[in-house]
Structure formats: structure tokens, C-alpha cells
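Questions regarding the structure given below will be posed in turn.
For clarity, chains are labelled A, B and C in written order, and residue numbers in each chain start from 1.
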Amino acid sequence: MKPSVRQLPEVATPFASVAEALNVDQMPWLTELRQQALKQFNSQGLPSKKVEDWKYTSLWGFGQQTFNHDALVHAVTAEQVEQAALLENSYRVVIVDGQFSSALSQLDNIEDGLTLSSLSTGAAQVQQHLGQQVDIAKAGLTALNTMLMKDGIVITVAADTVINKPIELLVINSGATDDLAVHLRNVLVIKQNSKATFIEHYIGLSDQVAMTNVVTEVVLDEAAELEHYKLQQESDNAFHIATLAAKQAAKSNWHTNNISLGAQFARNDIHSRLEGEQSHTTMDGLYLVNKQQHVDNHTRIDHLVPNTTSNELYKGVLDDESHAVFNGKVMVHKDAQKTDSNQKNQNLLLSRGCEIDTKPEMEIYADDVICGHGSTVGQIDQDQLFYLRARGLDEVTARSLLTYAFAVDVLERIPSPEIKAALADVIEQRLPRGGAAA
Amino acid sequence: MVTLMSEQAQQIEDFVPNEYAAGFVTDIESESLPPGLDEGVIREISRIKDEPEFMLEWRLQAYRHWLTLETPEWAHVQYPPIDYQALSYYSAPKQKTDGPKSLDEVDPELLKTYEKLGVPLEERARLAGVAVDAVFDSVSVANTFQDKLAEEGIIFMPFSKALKAHPELIKKYLGTVVSYRDNFYAALNSAVFSDGSFIYIPKGVRCPMELSTYFRINAANTGQFERTLIIADDDSYVSYLEGCTAPMRDENQLHAAVVELVIMDRAQIKYSTVQNWYPGDENGVGGIFNFVTKRAACRGESSKVSWTQVETGSAITWKYPSVILQGDNSIGEFYSVAVTNNLQQADTGTKMIHLGKNTSSTIISKGIAAGRSQNSYRGLVRVGPNAENARNYTECDSLLMGDKCGAHTFPYIEVKNPTAQVEHEASTSKISEDQLFYCKQRGLDVEDAVSMIVNGFCKQVIRELPMEFAVEAQNLLGLSLEGSVG
Amino acid sequence: MLEIKNLHASIDGKEILRGINLTVNAGEVHAIMGPNGAGKSTLSNVLAGRDGYEITQGEVIYKNEDLLALAAEERAQRGLFLAFQYPVEIPGVSNVYLLKAALNAVREYQGLDELDAMDFLTLVRSKLELVQMDEKFLNRGVNEGFSGGEKKRNEILQMALLEPSLAILDETDSGLDIDALRIVSDGVNALRSPDRSIVMITHYQRLLDYIVPDFVHVLSDGRIVKSGDKELAKELEKSGYSWVNEESAGLPA
């Protein structure tokens, strides 16, 4: 099956010149990588809706937009950062308008075994991993990211180390630059028997048009564990494109929780490769969209060896004229016996005019497996609504409460109580009448 | 214990039947067009059938449109490109006149063929409650009980005959459910279709017997392109069955049918298929390429259509019997068992398009994959912006036998109305050792145990079939019901 | 407290209530009995304000207000409480949160401040004792995974906390074993007071042994066909509903 792609040289050309500029001071291997990506992007352009993975999401609006790659001086204060951050107590890496800011970051007393650096200084350290978990030939924006990636975070955790304090990567768009495009690359390498908690947090401080295109590559060695959160609160006019990909060695555990609230256009591609026995992936997600927001979550789990497990729960709440897409693919490869995989996608429609397209998929080439998926679309239960109203709650509050109750399932699965509480606050504020938690 | 397990696994793998009983060739003289496809061939088909002018025009339009299309590649099946110029588009047993008036005039070889296939055409024979249209290669060779049905005003006749007897009905409905622009194979069928069945059930009539068409491909290097059109007028009911077989040949043969159903106010069509085209041998040599477009339009309020299919044959199955729920309160159902073995590939499912208010649909799909086969469910549930209170329930289960086959699920759910309730569930597993052990402990041998479990797995679908077909379907699945149904 | 005058209600065009008349004064306990399909649940749903019922005739006056003009939550805030026959499960909403939200909705209507967390918990704990419920129920989802008896006790807990003026108990005895019935009845009896009225809707006389009513009404085919004191219930127990139906056959339609 050949992907049919739309040639968009008018999109590619301005990006290409930016890429040229980046090549000047690079390590040769990185220059080589960028050039391959540039070639790829020039030949394939942006995917059209004829490409199965982009069936319900059009990049037309994105293609029409011109972006600026040079950030002007920003004026984000420490106070603003404090307010924007999800956690008070964390290692905080702050990127403002595409550039790492050491002044705004909070990197004191780093525990032994943990290294944190920005991409520009840390790339050499992860040369063998950078670009390995993602495919620039796949229709999408990974090639674009690879040719233009400028900053991001590189995290390594040494073997047999438990990092207790969460690491929050706070990516802020200050709004100082019109139509700013930011291409970030994060690389996380967790060595055997180690454990860390990582939060990617994207936030816009104005309603400026902007683009964030981020690729996060994760390598989990044997028995490594990563709690991986992604919270996206970008502006109503932002384009947010994110790819998360992990390869997992034996007994490793990757728990992703992808919360998508902001942006006019958001696309997440999350991919786990279970390469070692007894490895496990939990993929959870929550999308709350309203107005004319469009969110598209594509997840994929590859069970490549016997005795691996996965569990996935994605929930969506759609209001106004929003549009959400869920595509979850579980692939059980030949001989990946004893795979146990379960996937659920549930959607709550609140308003006339919204649209959900959901497609849970299984491709299974081994027989001794237990695999299942379920998908539902529905609305607020009228009996529950009446019960609450008969107890004196007005309709707006009752609906708000039932919406929260629907969404909270996803938060219940979060291991860290502190992060759970912080995310619960964020969700509540998003509801028509927040403050629902007891 | 280890050897026992693998032995058991082997037995399970061997369980799905390999013998193809319908694989004989009928030795009969036939008239065929030479291989190749162009406008001349289409004019020739139309001329042989002595068709009205509008039909030829429509065929030519379809052909011209087909030339602009590319073979669809989205299905989870793989096969070498088909050389459409190497096929013959018309083949018919040689006949003295322009068609037999009664069974006495039908070639005894043909009667024997249907006898052997278990479809006796004698009206006094076993299938007394079923009217049969027998389609052999490109033409209908026999059509029973026509007089009895005519008393009720029911029209049940070969498509080519209906084109002469009721051109106004065909002109009114043909292509209104499946346009020739719909897809590659529908366009090809529209250009070259040869025969099929036409049914019209008048207002208020409940068809007193099952209507059935038996499709048989016999000639080599021939494509079969039949076209079926069923119209159920207000407050009518009909149950229709179709069966399909073909000889064992080393070459792949193409079957590209189109079925259109039109259901008016409060009318109901029950459409059952047992598809047992030749699946090819254990090395994947030969077998039918089955590319079929089946669609029902529930135009009337409270109309209902129910598709039930048991798909055991064909090298490749590409088939999505669908329902367009236009009428308020209309109902669509899809019940399917698809079995694949050896190197068979099936990509089958349904589309439920909810447009009217208070429409509901149910999808029950059971896939069983064995050998090195690939078995995919592909379905679409779409709820349009004005389809208030639409309801869908989908259950989609796969059973794997052996570690070399694949079972896949590709459901698409598209909802644009906030009052819709859609629920989809799917599971994939194998027969558990626990279940087998339990049965064996109760004294069943592995074969009976597997048979019982598989039968239970398919039960929801099989019970939707009319009795005669249910028995045939169970035989096809290689199941023995005797005393084992729990 | 409550005055129902010639109330007619239908659902999907089918008339269920066909002229109910009933007056309930402060402090009174009324039992409404009747066979299946008499319209008992329709009456409680109409009084509580569930959507889907069409009021074709009549009126309901509650505390000098037109009850039928109020939304369900406005009725609740004014002290009308329905103990549901089948309390719905609401996973994700904790029981304690609902109790607090419901209590504050009533207090807000009454012009009172919200209770602070400490006062609220103290209050809830005292009410838990009344229905012999464990505190762990507070943090579970509303009715989620509760047994039949636990759901009914949870209804009475809410009633105890909200201190309604008019409580409608819809088949509160159904599905209860004898111990649970005693706990629930004790809870209700403890809540009897001169300014609180109770309407019990029930199929069986059994409940009335525990909560003794001042008045008993027989509802049949959408109308109250007979009224009396608690002796009437005993008579019904003995002779069944057909006795009433025969007797009332002569009534004008």
C-alpha cells in the first residue's frame, strides 16, 4: 500500500532554508540526520487525508499557515513560570519560545545518577538513540522535526537508581513572537532497574498562533520504569504536534498519561515497542475539547515477543463544535504468545455539532493471546442527572459533576498521588462549573 | 504432557475441514465470449441478452467510469494483479431456445449438477418450501415455483428475464442503492453483469416461501458477475437465501457481484448467504476471488433488513453487506461467521449508516482463522448529524486456531450526533486449554470438544439462518450438533 | 404541606394518572398502596419532577407554590425529598461529595452559609449512626456496587442529612431483608416530626408494621379509590387488591 501524499513545496521550502542555517555548527552525524530528513520531507510533503493515519485529520489549515522560526526576546517572569508549572516540587526544565532557559529552570541538588541537559549540549551523549525510535519516512511531521529540532531535554538515569523527584519539562510559548514555530526533541534513557517520573507540559501564555512540533524518544532498559505524563494546555490558536515513542526491554514498564486540553489543532502519536519479555505498557489519555478544537490521538502498541502486556484507557469529552479522533492500534506479532492486551476508548458528547471518530484496531498474528478492545460513544445518563437534580443540584452543576466523574477514571490510574491531585485540579478548572472533587 | 499439548494443537489445526465437496466440474457444452474486455464485449453481452437500449447505455457509462478507477488497496488482503483482459465475461450452457420454459427442457447434466450440490430443482423434492433460481455461470438455468408466487403478485425471476418483463421497475431501482460509481468492482459489475435474481414483493404481501438463488461457477477462466435486486414494498416481508459453489481449478477465478435491496415502509428483508466458493488448495493454489458489493437501503419508516452470512469459501473475500438507515425507526442487522483456513484471506464486515431518527443497528461478527489464513473484520458505524437517538451495538470476536494465522479487527466509528449511543466490543482468543480439558474430563474427544466450542462461538449467528441453511452451514463448519450443544 | 388536585399525567401519550386528589398536612404520614401498574411510581416521579411525563390536567400545591412549575432541583431545595425505588449508581462521584453538594444546595436556598468541612463531617457521622452505615461508604462512588439494602440505607442517610419537609419513600421496603427493613424503618421513624410529612408508596403492608401511617390510600388504575386509616392496610393484606377494585367498580369515571 503506497501512501498517497500531497506535494507541498510551498510548505517545505521555507522550512528547508531554516534547516540549512541549523547545519552550520553541528556534529557531522547530526548534520547527516538532518539532511536525510530534509530529503524525506521534500519528497513526501504533508500527508493528505488519503493516508489512512490522517483520514480524519486535515493538515490543510496547517499548510496554509506561515510560521516564524526566529524567536524575539521574551519576557517571561519567574512568577509566571511558578504559576504555569504543574508541580511545585520538581526538577523543572523550562523552555521558553523554543529555547532552554537556565535562569527559569530549577535544577538544584540533582540526585546522583540523574543527568539533565538541553539538547544542544546533551545530543552527543545520546547519539546512539537519537532518531532511532521514530521513522522519518512515516507520513507525518517527524521528518520536519528531525531537520529543524533546535532544543529539548536529554535525560539519562544510571542503572539501579530511583529518582524520587519528578522532572517537569515546562514548554512555554510567551506570545512575544507572532506565528512562532518550535521544534523540540527530547531523549530519555533509563538504565536497568531504575525509575523516574517525567512530565511534559506545554502551555501558551497568549492566544497567539503558534506551532509546537515535539518528538520524545524513550529507551527503557531491563526492569526500568517511567511514569510519563504529557499535559497540553496551549493557546486556542496553537498547532500542537507530538510524537512519543519508546522501546522497552524485558520487565520494563512505561506508563503514559496524555492529557490534551488546549490548541486549536492537536495531534499525538504515541508508540510503544515491547521488545523484551514481561515488559508492560499502560497508555492512558484524556481529551477535553470545546469550541472548534480538533484533537487526534493515534496510539500504537507492538507486542514483539512473548509474555508482554498492555492496558489502554482513553476518554474524551467533546463540547461545542469540537472534533476528536482516536485511533488505537494493537499489533501482536508472530510468536508473541501469551500477550495480554486490553484497550478502551470512551467518549462523552455534550453538544450538537461535535464529532467523534474512533477506531480501535487489532492485528494479531499469534494464537495464544487474550486481546480485547471496546469503544463507546454516549451522552450524560438521564437517570444520573435526575438523581442529582432531585438532591438539589442545579442542572449545570449536575452535568459538570457527571462529566468530571466520567473523566476521573483516567486520573484514578495515576500512581503518584501528588500528580493525580494536581491534574485533577487542572481538569476541574476546565469544566463549566469546576471544583467538583470532594 | 508437552507432546500431548502439541498433538492437541495439531488436532485443532486439522479440525477445519479441508475437503471441498462441491469441487467437481460439470461436463457441458457452453458458449463463451473470448477473453477480453472493451465496449464491443459489453455491446455483445447486451445483444445476446436482447436488452433494452437504456441498459446498454448504463453499462457503457459504467464501463467508461471503471476505466478511470484503480484497484482498491486498503483491504488486508494480498493477491497478484488481475489481468482483466485475460478473462471471459460471458459463458452459458448451450441451449436450443432462448431459455427453458420448464424443467423438462433443462439439460439433464445441469439438473444432476444441482442434485449433487444438494439443491434439487424438482418442485416435489425436499426443498418444497423454497423457490429456487439456479444461476450457472452467466445465466439462469432454472427458476422454480414462479406460478405459485405470481398468484401473490410476487415477481421472482432471472434478472435478464425481468429486464424484458418489468423494465420500468428495473429502470426505477437499478443502481439507486449501489451506483456504478461506488467502487471499482461495482463499476465492473455494472458494465458486464450477466444474470442474477430480481425480486419484487408487492405492498402488504408476506412471501409464503423462502426465495433462493443458487450460484454456480463452472466454466474455466470466466468471471461471474451477477446482479441481484430485491424490492420489498410497503408492509411486505421476504426471506431470501443464496448459496455459492465452484469447481476446483488451479487458476483463480473472479466473482464480482452486486446486490441491491430496497426496503419501503414497515417492510422487511431477511437475506442469508452461505458462501462456499472454492477456496483453493492447501498451498493456496486456485480459488475464487470474491469481491462483492452488497447494500440495503432502508428507505421506509420502520423498515428492517437483516444480513446473515456464513463465509467459508473463496481464496479472497472482500465483502461488506451494508445498510443505509434512511427511514425513521429503521433497523439494520448484520450477523456473520467467516472461517478461513490454509491460505485463505477474508476481509469482511459491514457498514451501518444512520441517517433517519431512532434508527438502530446490531453487528455480530465471528471470525475463525486456521492454517496460514488471514481473517479481518472491517466495519463502519456512521451516525449523521440529523440521526437523532441512533443506537448501535457491535460485538466482534475472533478465534485463532494455530500460531500461523492472523485475526484482525478494523472498526470505524464516526458520530456526528450527540444523542447517539454506540457500543463496540471486540475480543480475540484461542480455545482455552481449560475449556478443552473440562470437556475431555466429561468424556468428549478433542474433535467433539472443539466442535462444540466452535459451535457455541458461532451460535448467535447460526441461529439467525433459516433451518435448511443452518444445517448446511453447520455441516460446512464441520460441526456435529448431536448431543453436544450446551 | 401538599395538595394534589385532580392530577392527570401521561407518558408517551398513555394516561397513567387519571385524577389524583390528595391532601397531606404537616406532620402526617400517608401510605399509598396499590397493585403493580396502578401508577404509584408515576406519582412519585411526577412529584419529584422527572422529565418525560406530560401533565394533562390538575395541579399540585406545595407550601403555597405551584410545584409543577418548578425544576427538579428547585423542588429538592424547597425540601421535597424522593427516596428512589432504584437509586442509580454514579461511579466517579463520591458519596460524601454528593451529600455535601446536596446539603449546600439546600442551605444556599435557605440563605445559610456552607458548612465547613469539619462541621459537615461531624454532622454526617451522626447521621451515619442512624442508619448503621460504615464511614467507608462515604468515599465510595454514589451507590456504586452497593447491595440493595445498602442503597436504601443510603437514601435514608441522605434524607436524614437534608431534613426535608416532605419525604416521598418510593417502595423503600422492596428488596430489603428483615434486618435491613428494621434499620431503614427505625431511621425513618426517628425523622418523624410535627413539621415533616411523609408519603410512603408501597405494594405490601409489611412496611406499615414498622412505620405506622396516619392515613392509608389505595391507588388503582391511576386514581385513589379508597382511603382510610391503618386498618385499611390490614384489610388489603387479607383480601387483596381485587377486593378494592370490585368495590370501586361502581365509582364514576
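We take it that contacts are C-beta pairs under 8 Å (C-beta built on N, C-alpha and C of every residue); 3 or more make two chains touch, one makes a residue touch a chain.
The structure displayed is predicted, hence computed values, not measured ones.
Chain-to-chain contact here is organised linearly: an open path runs through the chains from one end to the other.
With centres defined by CA atoms alone, the chain at the far end from chain A is C. Separating the centre of chain A from that of chain B, both taken as means of CA atoms, is a distance of 44 Å. Per-chain Cα centroids separate chain B from chain C by 57 Å. Centroids of chain A and chain C (each the mean of its C-alpha atoms) stand 50 Å apart.
Touching chain B in their complex are the following residues of chain A: 1-2, 52, 56, 334-335, 337, 347, 349-379.
Those residues of chain A that touch chain C in the complex are listed here as 381-384, 386-395, 397-398, 401-402, 404-409, 436-438. Listing the residues of chain C that touch chain A in their complex gives 48-51, 71-73, 75-77, 81-82, 84, 87-88, 90-94, 96-98, 100-102, 105-106, 109, 139, 141-142, 158, 162. Here chain B touches chain A in the complex through residues 73-74, 76, 383, 385, 398, 400-430, going by the rule given at the top.
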